[in-house]
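The two complexes that follow have chain A in common; it is paired with chain B in the first and with chain C in the second.
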Partner chain A sequence: MTYFIKSYGFIIVLLPLLGAVVNGFFGKRLRERFGGTASGYIASAMVFLSFLLSTAAFIVVAGSHGAAIVNHAYTWMSLGTLQVEIAFLFDPLSAMMLLIITGIGFLIHVYSTAYMHGDQGISRYFAYLNLFVFSMLILVLAENALLMFVGWEGVGLCSYLLIGFWFQEKQNTTAANKAFIVNRVGDFGFIAGLFLLYWFLAKAAGPSAGTSILSFSYLAEHAHLLKDATIFGASLATVICLALFLGATGKSAQIPLYVWLPDAMAGPTPVSALIHAATMVTAGVYMVGRLNFLFSMSHTAMAVIAVTGAGTALLAATMGCLQNDIKKVLAYSTVSQLGYMFLAMGVGAWSAGLFHVMTHAFFKACLFLGAGSVILGMHHEQDIRKMGGLRKHMPRTFATFALATAAIMGMPPLSGFFSKDEILWQAWSGEHGHPGLWFAGFLTAGITAFYMARLLFLTFFGETRRDAHHNHHDDHGEHAHDRVISESPAAITVPLIILAGFSAAAGLVGVPAALGGSNRIAEFLAPVLGHHGTAGTHDPIEYVLMAASVCAALAGGGLAYLFYLARPDIPVMLAERLGPVHRLVYNKYYIDEIYGALFVTGTKILSRVLALFDRHVIDLLVNVSGLALRTQARIAGWFDQAYVDGAVNLVADSTLSFGEQVRKLQTGRVQVYVLVLVCMVALGIVIRLMTV
Partner chain B sequence: MTEFIHNHILTLITFLPLLGGAVVLLIPRDRKDAIRRTALVFTLIPLLLAGMLFAGFNTSSSGFTTEAGIQFVEKHAWIRDFNINYFVGVDGLSIPMILLCALICPLCILASWNIEKGVKGYHFLFLLLETGMMGVFVALDFFLFFIFWEVMLLPMYFLIGIWGGPRKEYAAIKFFIYTLVGSVLMLLVIIYAYLVSTPHTFDLTELARNSSVLGYRAILWWGLFIGFAIKVPLFPFHTWLPDAHVEAPTAISVVLAGILLKMGTYGILRINFSLLPDVTRSMATVMAVIGTINIIYGALCAMAQKDLKKLVAYSSISHMGYVMLGMASFTDEGLNGAVLQMFNHGVVTAMLFLLVGVVYDRAHHREIEGFGGLASVTPNYAFVTFLAFFAALGLPGLNSFISEALVLLGAFKTHTVLAVIAATGVIITAAYCLWTLQRVFLGAVNQKYALLPDLTGREIASLAPLAVLVVVLGVFPHPVLNLMKSTLGSLNALVVAAL
Partner chain C sequence: MELTGITSYIIISLILFLAGLLTVVSKKSIIGIFLGIELILNSAALNFAAFSRLTARNLEGQMVSMFVIVLAAAEAAIALALLLAIYKRYRDINADNLTTLKW
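Let's turn to the complex of A and B:
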């Protein structure tokens, strides 16, 4: 089996591409021949096959005790010191990601067959979705950083295509553009960091031709060369890491580039679950983890990452508290949770961060899919103020959603508890940790519990507000039974149940030593990420912190219960009391508006100005020189007529007048001619005689 | 027969279009389809021959500075008294350009199928133009090079001036005079080089080997450089381009952006680099700065355009900046990236101009704001356009990414700051490309164009080869990279060693 992965590992990647090609180019014919469901089945089947092979790869990797397996496909570029392979790397880190992507990916494909049922563009949808899985697999399996960038941009493309999937709504396409362009800012950082790294290593490491400098194994081996290198007076390692991290802030929606993710909710809900919660947005965390040897070269970069992560976690959590769109709440929650992961990366708790990537993938996918089920049940209503009481109508959706909510709140012994507490503990005690970082995380845990509980209560508890509201002005609308809220079909609830199961149980792979576990996931990932920070295994503070974060979660949840179930008048009153603050948070601190004015409008104005400059200044110079030339030509023309031509005419005129005069000799009388002849001959003789 | 073809393949590639032009002249003017078909055949044969050239090309050839580096050489005395030779040959620098030219010309004939005015004259001039372009790329005699350079200019002038849009005369004359200024500068250098060489020669390989005889080197360099810069076009000599593009008929825009612009950078590489390597080397920063300005300035100007064709024209200026930046890096990555970018940009921009032509044929305008929702109406057209624009914005997996990445990799080595600035171009490019796609294709359907027909078979035939190349060369760039690698390696070594 090892041989199979080593030789044919690329098949895992190619299967979804095949699905995308089939659906993309033959989707219409498929639909005509086999009906609208065929697209979904093909796409799901491809991802499922990929999942089976991924499982095999995982088993192989797990059995190989950390030795990486590389499947070389072919050489992509080979030039001088540049050698880039198309090769896929199977090691514990990529194997774990592989299972998440294909596993959750498959469930979401199945879910989509029901969710997107009857949509006009269903083949296009599944083509994009398959293409996404393909790109994401390239991203995590890439053996070198440039190939990783291919996946990195590929997922960005698919995200763009899927956010703008319903492209007839202008708003959706604007959100898609925003996502891609904001990500491009990050990509610029990624590229700059990568090329600086290449530039330095090509110089410092003195590679022989045909060395794949950008391959992760080469980078890991030579990263130490960066130790004392500087560029423009700054540490080169710091510059490179910060540039790469800029890339991560784009893809993983961190400050300052998080603004695209909430808007990305314009896409179909399963897309939000797969791309904007479970997989793509964690790519930045994965990249930092993959290049951990590089990031650990720079304390400054690590500190920036940790602070950015903690700051994003806190900021986004506060924004999530006042959102009324069910998907927006989850979007800010995702931003916040990603902040957690970066907090972990920043304090050097690599495996804790990636552990949270995994648990978050399960519970956030479950939450998003649950939200999708709710939206379907509510006939495309997304405003939680108009929901309520859904637990009676959608029991399965409710149960799974509640379980996932408890998981994200960090309730023991659900998955979120273990991964979050690992992060908080490392933020406190880790090598790069700081109590301030822990406190931000702790606070975030409380706020997270608050807004998630709020979401749960407003959606599933109390009375169904929409019905009352609806009946009120629906006397000439549809029949009542069209509007019945009912549980979603099995294709939707079964994935929900599976994901809820994992949300509950996945944490068990990372039970810390303090609770009698052995943190198996950290053990498993150690060949890639190294062993770290498990020194104080029986530090009593760890228990205190654990208890504190659970209390924070309970307090947050309790507050939400008070506000939104027991005393709904309190939040209304508070909103009035805290008018300006409430408005500030409600409008997400006006950051979108500030960015819009600063960057979008700024760039547009700059481009207009330059275009005008081009048309009116540079072209003016051209036209002026043209004019100058024409003026000169006119002067020359005048000169030509007056003098040159004058001279010519003078010659002609004088010739003419000379002729006029000479003509008079032509009298026609022979005597005169003879006379002239004789005179001439005589003159000739005289001259001849005189010259002798 | 095969022997004959093999020995005269470059001559055949160059002059078969001209022969085609003569044939076209013999066809009665009202038999328009016969004229079109003839033109197509006479552009397809050079494509076929170019394929043979590609197959027979020895990729380890080191380039024209050594006698052995040139392949498929034909050398005959032409004007013996002045030692002017008909001297043609290819190396790794010219062969990608020949392939590009051979590929694009038949597609242009296809794209010209709906031209009804003066069909005969149009196709004659087009075929003459192809001969001129091919000639520039195969000529290794400076005099011959100059002749072809001028041959190409004339049909272009008429093709824009007669078959162009409302301001065609202005655009044609601007193009003509601008290029002529460049030609004059080049001519002066040619004559000077001829006079100082002993024995007097126009042979570019000879001149390259004995380039030390040339005096006034900086002046010569600038004379040539400005001449070529106009063609590229480099800032600030670029304003003829948007005008020419807006007025030119589709196929001519395709040729202009796809092939003619490359002659500028080709000339710099072929002549400035080899005849004046030391000056070239010392001008590294100047070239890199100009290249960076082109990238950023062109992209920002593109963003502000309201006319789709003008937008694509400015995007060409931006993308040609990468070529310049790569050339100025004097690294293997940068130089190969530059020439690959010439090829890739040729493919992508040809696609873009063809696509603009498609919508212009149907809607008779090119206002970006005037469309909307075309993706629902013409899905195939939308698909190909998205592909082309994503190639233009350098999406990895498509061809332009590789060349731009190589250019930047090279530039990071020698002009780190400029490379960082240039890299911000990827953001601006993404912004204007996506913004354009959104305004034209996405959103609610503009009812005015609700019944716009999708791509026709002929249009698909003209776009499909390019679309395939965009993808294939993005995934597997070796076929083109291998052609140029060793020639550019030796050219780069020549320049690097010069200082």
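Let's turn to the complex of A and C:
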């Protein structure tokens, strides 16, 4: 089986591409021939096959004790000293990501067959979804940084396509553009980091550098060369790491580039679950984890990452508290949880961060799909103020949603508890840790519990409020509330149940030593990420911190219960009492507006200035040169007519007049011709005889 | 000059040729021109036969003179046909008046 992965591992990647090609190019014909459901079945089957192979790969990797398996599929380019291979790296880290992507991806494909049922663009939808899985697999399996960048761009593209999937509405396309443009800023950082890395390593190693400078194994081996290098007076390692981290902030929605993710909720809900919660947004975390040897060389960069992560976690959590759109709440929660992951990365707790990537993938996918089920049940109503009481109507959705909510709140022994506490403990005690970082994480845990509980209570508990507020934000007309709220079909609830099961149990692979476990996921990832030294320690503070964060979660949940179930008048009163603060948070600190004023308006002003420059300077130059050319052409034309044409005509005329003269020789009398002929022959003979 | 052997034949042939040429150039009637051409052909045939008999000492030249006679007969037939056609068209067989070859 090892041999199979080593030789044919690329099939895992190609299967979703095949699905994308089939759905993309033959989607219309498929629909005519087999009906609208065929696209979904094909797409799901491709991802399922890929999932099976991924499982096989995972087993192989788990059995090989951390030895990486590389599948060289194809030499992409060979440019002198730089050779870039399309090669796929199977090691514990990528194997784990593989399972997450294909496993959750498959569940979301199945879910989509029901959610997108009857949509006009269903084959386009599944083509994009498969293309996304393909890109994401390229990203995590890439054996060199350049191929990783291909996947990196690919997921950005697919995200753009899927956010703007319903492109008939302007706000969706605007959101798609925003996501794409914000991501471009990050991508710039990523590629700049790669350039710096290649430039320096190629220079440092000289002619003996070999041809695979950008492959991860080479980078890991030669990263120490960066140690004392500087560029413009700054440490080169720090500059590279910060550039790469800028890429990560774009893809993983961190300060300052998180603004696209909440808007990305314009896409279909399964897309939000797959791309904007479970997989694509973790690409930044994965990249940092993959290049951990690089980041651990720069304390400055690590500190920046940790502070950014903690700040994002806290900021996004507070924003989530006052959102009224069910998907927006989850979007801010995603940003906040990603902040946690970067906090872990910043304190050097690589495996804790990736552990949280995994658990978050499960419970956030479950939450988003649950939200999708609710939206479907409510006939495309997304405002939680108009929900309530759904517990009775949608029992399965409720149960899974509640379980996932408890998991994200960090209730023991659900998955979120273990991963979050691992991060908090590392933030406190880790090599780069700091109590301040811990406190930010701790506070975030409490706020997260508050807004998630708020979401749960407002959506599923209490009485239905469907009639209220129907004047504003009513996109489906007055008759919407006549329809019955009913549980979603099995294609939706079964993935929910599976994901809820994993949300509950996935934490068990990372039970810390303090609770009698052995943190097996950290052990498993150690060949890639290295050990970080907490194994076997029994610091009493760890128990205190655990208890503290559980208390924070309970307090947050309790507060939400008080505010939104027991005494609904309190939040209204508080909002009035704290008017300015409430408005500030409700409007998300006006950050979108500030960005709009600074960057969008700035860009517009710049473009206007450039347009003026264009019109008055460039156009002037163009016009002047045009005029000069025209004058020159007129002179050339006159010369042409007068001299060149004259010469040609002269030749023709002289030939004609010569012919006029010569034709008189032709008398038409046969006998004259004969006579001339004879005379000429005689003359020829005479000349011949005379010259002999 | 001793008029024996090949020389006498050549002289006769030359006389025939010149007589033919003179006829071709000077006669107004196309029929006359044809007669001249026949004379020229016969002078050539005579030459062939004489050289074949007296110098080459084989039969090839005599063969050729046979061909020339046949050719002359064929040519005369075609020429007379042409002549009739020309006469029908122009009502004239005076070579000086038939100058339509000139443009």
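Criterion: the second predicted complex is superposed on the first by the 597 of 692 C-alpha atoms of A that agree within 3 Å, B and C clash if a C-alpha of one lies under 4 Å from a C-alpha of the other, contacts with A are read in each partner's own complex, and residues count from 1 in each chain.
Here, a contact is a pair of C-beta atoms (placed from the backbone, for glycine too) under 8 Å apart; a residue touches a chain by one contact, two chains touch by 3 or more.
Quick caveat: nothing in here was measured; it's all calculated off a predicted structure.
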First (chain B), second (chain C), both or neither touched by A:275: neither
Touch count on chain A, higher of chain B and chain C: B
Partner chain in contact with A:38 - chain B first, chain C second, else both or neither: neither
Which superposed partner A:678 touches (first chain B, second chain C, both, neither): second
Which of chain B and chain C A:668 touches, first, second, both or neither: second
Of all residues in chain A, those that touch chain C in their complex: 663, 666-671, 674-675, 678
Partner chain A, residues of chain B touching it in the complex: 174, 177-178, 236, 238-240, 297, 300-305, 331-333, 336, 373, 375-376, 390, 395-397, 401-402, 405-406, 408-409, 412-413, 416, 419-420, 423-424, 426-428, 430-432, 434-435, 438, 441-445, 475-478, 481, 485, 489
Chain C residues touching chain A - in the complex, by the definition given at the top: 21, 24-26, 33, 95-96, 98-103
Contact footprint of chain B on chain A as seen in their complex: 74-82, 146, 149-150, 152-154, 157, 160, 164, 167-170, 173-174, 176-177, 180-181, 184-185, 187-188, 191-192, 195-196, 198-199, 202-203, 231, 603-604, 606-608, 610-612, 614-615, 618-619, 621-622, 626
